[in-house]
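One structure is given below, encoded as structure tokens.
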């Protein structure tokens, strides 16, 4: 892990009318890290991903990817730069085959053999046997793997995963985690939003906690989970509580 | 209600259900207890799905649901209400453009005997005296706390013995949360059973007589709140660790 | 792929043989080759009247195919597409009449005008989604029609006459040959459009990107696809083709009026043909185009009314949308099976407590 952050935000803010979904979030991830993002519902996690990847135009602050200011760039440009992301609801290109799904992805101009790369990825994810199947008929699990495969076609240096294990059976969960670790060992940085805390604890190097749009605490999972601010975020506040900073 | 007769219990056994192919609850069993039964869980735990299963909105894939002797496993919501269960949706569901009295009368819509309706309105006003002078006021002009009274009162009009409450503290400021829970207590004092799902564990623990903690679709804990004094353990259970 | 379908409910015989054929890599070449030969020889066996009908059918298949590019493959339901047909016609007319140029420059300028206009209209409208895009493009088409009705250069409410093929070539050409000439032009344009669709939209990376935009625009964007550019490119392509057809049509029919060539019926017919045939498929516009066009001509001939086919088509559309959403092609290639149709019928009947 190097010192220069691969992904950094400074006071990133996003508002929707009166609601401040992301409130001056400052955050930085080192290359090669697996960073988790947790927080109760409505804390602004997905909004944060959207602001990082250009789907939302931030109202304030900056996003730096690999040293470049990418604040407000269009999503496809950020993707081409090497930051891939998934969406909470898995959505393959239903009317195309698995292979065509991968072929549609933009690849760097210096990629000589796109077909070979596709084959490589299909093999790595162990979905080569369904390469010619239409994405429409695939099981939820296969769709998740296809989604990962599509992102890998971008050859990203950083991948943002939004609830990768949602709705996934234990066997598939293990497989996905295995792939994440393997890719991480090759140097890919991951930022993962998760609700499944056992997954988070097992895979994340450290964790950032968001609550009500703010970055409230960061650190290793076990430390963070015992932090009173995190406890309060998840378990709620009580008007009588003493000594709880608001 | 006097304590010589065991009240009807809402009993859910081994509930497995979900949406489309996605299983959300993996065999959950809960039961209503005297007073307030709280169901806690983070988002994604399946607690909203559980609530919807209890009031008949989401069908079960397997398992059973009984209220007293009555099997309500496959019953749609309109068949569950007459058995004595009333549901309060998140936000209360109060009809803002109607007066307090109109709201209460709508609650008594299924009651055919007019005398019973009048009796119950009187009951509600006894429980929540603040409403007496607001009977002709449009519900939306009421304070948050008073709206909750209308919501609870309207549910009382069905003559229910068991109330299912969906996150009554949602959207309320910390000070109001206490008031809201005090109102829930009022219902309990009049003999009702309450099953309540809540996000705000800290506040609701003070109200609870029995607790279930749900995470990732399975029960992590059940028991009286006294067994949850260790905050660290509570956090672990809540996060499903 | 064919293996699944031959096993499904024991379908054998014709279906299996069709599937086996379509699964072949070179099936397309054989089909296309056969079509070229057939269409080349067809006029030899037809009189002038039937040649004209064939010509019309070919034009509509091509127009439907062009709409299919933006509506079916890209998923942007363009309700102003017909305007480009009219624009192509009027630009050709203006070039030939006011500038006294022959047809070919007229044709080329029609294409250029179509491209330029599509670019200008596309930039703001393609930002819109779904119904908003449909309404915006519809409004644009209406505006074009009104403009043409007012402007002197397009003949205003009197329409515009173009020089006949006979007169522009300088030598008298007997009527029959004139039909045949236009038949071959339309056939070439139509076959070219289908071939283009096949190569560009079904089997190229660009085509996959277009379909990605249709299937999930956000996901496509997150995968490095410049969706704005892709949409604009396919929109311009589809509009240029419509303009070229309009150009040939104008030259053929020699008289165009805004209410005809810029009317919404042109767009409506294109849409209906593709929906009926199968949205986003290569054969859909062919099947749908032929069906609707021939139905309209037949009803003119045998039922004496040129509009009676419209309610007929309306009913067909309803049936397709309700029970077989992938159109005729979907029924034929197994995407919508008998079981699916039954399911759709039951779902609808349930909603109205009919069964």
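The letters A, B and C name the chains in turn, as written, and every chain counts its residues from 1.
FYI, contacts are C-beta pairs under 8 Å (C-beta built on N, C-alpha and C of every residue); 3 or more make two chains touch, one makes a residue touch a chain.
Since we're looking at a predicted model, the values are computed, not measured.
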Which neighbours does chain A have in common with chain C? none
Centre-most chain [mean C-alpha coordinates]: A
Going by average Cα coordinates, which chain is farthest removed from chain B? C
Which integer distance in Å separates the CA centroid of chain A from that of chain C? 42
How many angstrom lie between the centres of chain B and chain C, each centre taken as the mean Cα position? 58
From the mean C-alpha coordinate of chain A to that of chain B, what's the distance rounded to whole Å? 36
Can you list every residue of chain B that touches 2 or more other chains, as numbers and ranges? none
In the complex, chain B residues that touch chain A: 21-22, 42-44, 169, 174-175, 177-178, 199-204, 206, 216, 231-232, 234-236, 238-241
Would you pull the chain A residues touching chain C in the complex into a rising list? 53, 55, 74-76, 79-80, 84-85, 87, 91-96, 100-101, 103-107, 132, 150-151, 153-154
What does chain C use to touch chain A in their complex? 1, 205, 208-209, 211-212, 214-216, 218-228, 280
Considering only the defined contacts, which chain A positions touch chain B in the complex? 40-41, 139-140, 166-167, 195-198, 201, 225-226, 231-232, 234-241
